[in-house]
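Here the chain labels run A, B, C and D in written order, and each chain numbers its own residues starting at 1.
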Amino acid sequence: MTEKPNTEELGLLSYTPDYGNEEDRLQPVEAPNDQALYRVVLPGVMQTGVDTVIAMCRKSSLWPMTFGLACCAIEMIGTFMPNHDLDRFGIVPWPSPRQSDVMIVSGTVTKKMAPAVKLLYEQMPNPKYVISMGACATNGGPYTEYDRVLQGVDKIIPVDVYVPGCPPRPESLMEGFIALQEKIMEEKKNAG
Amino acid sequence: MTTWPESQGTSTSLETVDMTINVGPQHPATHGVFRMVLTVDGELVKDCEPYIGYLHRGLEKLTENADYRQAMGWWDRTDYLAGMCCEGAYVMAVEKLAGIEVPERAEYIRVLMMELSRINSHFMFLGAFGADVGSFGTSFTYGWRERERIYDLFEEVAGDRMFPTYFKVGGVTMDLPENFETRCRDILSSIRQGLEDFDGLLTGNEVFVERCRDLNPVTPEQAIAWGFTGPMLRATGLGWDIRKAEPYSIYERLNFDIPTGKQGDVFDRYWVRLSEMYQSARIVEQCLDEMPSGRVLNPDLPKTLRIDEGELYLPTEGTKGEYGVYLMAQGGTNAYRAKLRSPSFSNLSALRELVVGNYVADAIVILGSLDIVLGEVDK
Amino acid sequence: MSFGDPFFGISWLDIIIRTLIMVSAMTVVVIYLTYGERKVVARFQMRLGPTRTGPVGLLQGVADALKLVVKEDLRPRNADRWVFEFAPYATFVPVFLVLLTLPFAEDWGIRNLALGMFFVFAVLGLNIVGVLMAGFGSGNKYALLGGIRAAAQMISYEIPLVVALLTVAMLAGTLDLNQIANLQGDRPFILVQPLAFVIFFIAVLSELHRAPFDIPVAESEIVGGYFVEYSGIRWSMFQLAEYAALWGFSIFGSVVFLGGWNFPFGSEVGVGLQLALTLIKSTLMIFLIFWVRATMPRLRMDQLMSFCWKVLIEISFALLLVTGFFLYYNWPQEILALVNWGGALLLLIAIFIRTRRKSKAGDLVGTYKNIEVTE
Amino acid sequence: MSTKTSPDSGNIKTAELIRTQLPNIPFEISETKTYADLKIEPENFLSLVDGLNKNDALSFDLLRNIVAIDMGEAGLWAKYHFYSFVHGHGIQVTVPAKSTDLTIPSITKTYPTANWHEREAAEMVGLKFQGHPDPRNLLLEEDLDIHPLRKAHPLQKPEILQGIEDGPPGVEQ
């Protein structure tokens, strides 16, 4: 077998995530707040009209990323299925973080998983929202006493909506989505 | 600009570089947080390095610092597709350790609930496996139609859908509702209807058979050496099931047979799980017919459960394989040491031997056919 | 007919107006195709599909499009800048050119070319360039794999597509799409050449990366394929190209095989009915594509290649040969139809038998110290 | 089918059968609630495992489970559970590691499934398995050197937020 050149120095082919040591793995990530292009270009008076239209479009086509961690992921999948169809709200799960707007953190975030969660949050394009589903994602839930578990995902990424329950029923996740839609409608100015 | 490796010297052979693909913790086909790094030459997988531990939530450490009965909340969240199977295993282990008797009716109710959650978990497998092979969610929705009905039944009986904590040390928390018998029978008929749909959708499908038949056959010797148990072992032709080999609870009185595959390839694993569901439905029917009346909870339960010296290892037949509970008591109300023998942990440990030499698309299908649950693998 | 008077030999106004009509028609159709697909696939999965945005969810496509337009536009660090940014337009332009030459009614196409079908073949090849640019440009290994898979698949499936359409062109005697539609007054070519239609349909499915052949876009294996790194408006350009190609191919298929606007009522009928006829037939074909997508799992890369090179190409060349014989000795076309129906049946039976064959791995039952553990 | 034992009946018979089959290996037999238990020193643990696996009358071919226990002052113990498909009987083997070097010989050669079990036992309790192919951490991060299942390892205090005046979550005061 020919001796393979080391794939490290080929930038394109090798990708080793530099997670760094313990402390900066768990550094929180701030929510970005740069402005959308239309808000910069359009004069002030027209912005409110365009804002409402854009906010209504964002509200009715929220694309979550299929990001299931633990038991809450099964209830999240259950919410997309026939009995409680989230597709009615225009919410269709999308595999890649690049094309999704909402990240549903459904399950226990352990300290080993924290850098991956942060990486995915940074990969999402800008107007992005986070739903922290279940007690584990909100404050560690039943596993909060074990020291390898992160006590809540809001320690590393900013969270918009907290859905209580362990696991929350599909109806309460839908209520979480409706609360997120109302939040989008309210703060349509700085949605960016 | 990215620099391509200029060819060294005059080697006429095409210089290829093995690419490492990181099938990362977040991937639609990894059923949760499991990461494997595939070293790929074109489409062929050269080497596979699985990484687990992204959902290590310290089940054993927490069980050591909580009362016997409190710890059940963590135990049924290990295999979160079949909550009642894990509850049953843990509760039976504690009762055998403490020497507590369980009334007849509670035994029948327990077996009935465990078999229903086995069907529930296998429906999730069929859904997820169909999506891995590529049928874009149609298999998911077919599987979920029955899952929701079984969840409604659990909710009616015990109040919660996934983790009802319906079992208790010494029996079952409350008796069945009156109309349970009729509702359970029509759910069984809808389950059988759902299984026919899956037979039509996947088993007869040309593309599905083309993708799964003859994909990494496993001999019984290999399976045993790698520690496979459950449907993975039965697919290789060795019909070993703990409900028959080391019967616990009332499984001796029930007659059901064990489906076994022929080659241990991915199609046999799928087929064994599909036909196991018919057997579980048969068991549920027998339990309904022979259900004795009487008390559901052992009357003289101690106020605080203290178990003096003793240890035990109780193997039970979980949905993915041998779900064993090891408990050691040194007096006091907390278990001194508790260990879960998780079937997905052992089935997953052989992933490198199963995957190397196949295509990338097949690596995902093989991982799907293992039917792993990360809550159980990482404990 | 043309809109403005020619100016320097080219009627600029005419060209601009025609392309504007086509662009607006295409965006409206693409938006309602995405909505239609979600509704149809949802009905197959016993779900409702979008119902909240607009009266029956009709504005769902509009909401998706507007949201994507305003999304932040990311470019990964180690992506190749220009290749990454021009890939979506490179995939969109060939598809738009195909749409320009399709006749919707009597001579109602945007520009009816004498060599209409030949132009479509030529333009199809460009599509691969855009896909490869996306795959290699975005510096992501999933996209790299997706790009390579897409290139191999599209190139190899173009051969049976072209040959199957050649047999129809031989029957019609011309390459002009309008003429082909005219000739199908009494019986559409699908009755004469069903095998060609089967090959055409399979090849179209793989040209569009849909259903059993959606390997470059396999979200369960390589997440998202070649457009995994795109977001916002660039990604919606890819979707626009994909659904426009879907619409274009279904109209092309209905014109060539199902008789387009001509079949049941001939060509004297008013333009409105002809237009409706073409659109109904193309929606039928689109529904078939959605149906196959909802039920069929995905083929593996080597199975896809072996199916094309070992099965489809042989059959299409045999069909070409047989049609040549029939036309040269001008034997009656009914026998040609019979031969075709026989060939199509044979193909389906062969696929059925393949799935029932005994597996090669042999039986391992009872080989473990020949014990049978369960009594 | 010779000694068909279900967990709660006749497990002592298996221990006597092993005693007769492997006379020259010193181990003490004791009883647990489900399986018989053989206590053996790490030195002759490998010979016992070979005996269990190769001997036809025993043929324990499935290694089910490895439990690592921090017994406080009695040091670190490892308990193995074996099962035989042919005869249908199971056994538990206890190996107390020496408190000096805390090592137990690794049995991944005869039982490949022991690879991950030993790695997990090693990182959880701090046992060292001699001759293990790649002794990295399995469930914890690679660079961590803590043993969570030691009795001394502390738990994490749950964070109680009384009310809004405590400020938004995640931001330490």
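Going forward, contacts are C-beta pairs under 8 Å (C-beta built on N, C-alpha and C of every residue); 3 or more make two chains touch, one makes a residue touch a chain.
All values reported here derive from a predicted model rather than from experimental measurement.
**Q** Is the C-beta contact count larger for B-C or for A-D?
**A** Top pair by contacting C-beta pairs is B-C.
**Q** Averaging the CA atoms per chain, pick out the one whose centre lands closest to the mean of every protein CA shown.
**A** Answer for the innermost chain: B.
**Q** Averaging only over C-alpha atoms, locate the centres of chain A and chain D and give their separation in whole Å.
**A** Computed value for the inter-centroid distance: 40 Å.
**Q** Taking the mean of the CA coordinates per chain, how far is chain B from chain D in Å?
**A** Their C-alpha centroids are separated by 22 Å.
**Q** What's the distance between the Cα centroids of chain C and chain D, rounded to whole Å?
**A** Whole-Å distance between the two chain centres: 58.
**Q** At least two other chains touched by the same residue of chain C: list those residues.
**A** As it turns out, chain C has residues touching two or more other chains at 45-47, 78, 139, 141, 219-220, 223, 368, 373.
**Q** Chain D: which residues touch two or more other chains?
**A** Chain D, residues with two or more chain partners: 85, 88, 140-141, 148, 153, 155.
**Q** Would you pick out the residues of chain A that each touch at least 2 other chains?
**A** In chain A, 11-13, 15, 81-82, 95, 112, 145-149 touch at least two other chains.
**Q** Given the complex with chain D, which residues does chain B contribute to the contact?
**A** Residue positions touching the partner: 52-53, 56, 58, 60-61, 64-65, 96-97, 224-227, 229, 238, 240, 245-248, 310-315, 322, 324, 326, 328, 336-337, 339, 341, 345-346, 349-350, 378-379.
**Q** Of all residues in chain C, which touch chain A in the complex?
**A** 38, 42, 45-53, 57, 59-60, 62-64, 66-67, 70-74, 78, 139, 141, 219-220, 223-224, 228-232, 235
**Q** Which stretch or stretches of chain B touch chain A in the complex?
**A** 2-3, 5, 11, 13, 15, 17-20, 22, 24-26, 28, 32-33, 53-58, 61-62, 65, 73-74, 77, 80-81, 124, 140-141, 144-145, 147-148, 161-163, 374-375
**Q** Help me check something: in the complex, which residues belonging to chain A touch chain C?
**A** 11-13, 15, 36-38, 53-54, 56-58, 60-61, 81-82, 85, 87-90, 92, 95-96, 98-99, 101, 123, 125-127
**Q** Mind listing the chain D positions that touch chain B in their complex?
**A** 6-8, 32-35, 61-65, 67, 69, 79, 81, 83, 85, 88, 90, 92, 111-113, 115-117, 124, 137-141, 148-149, 153, 155
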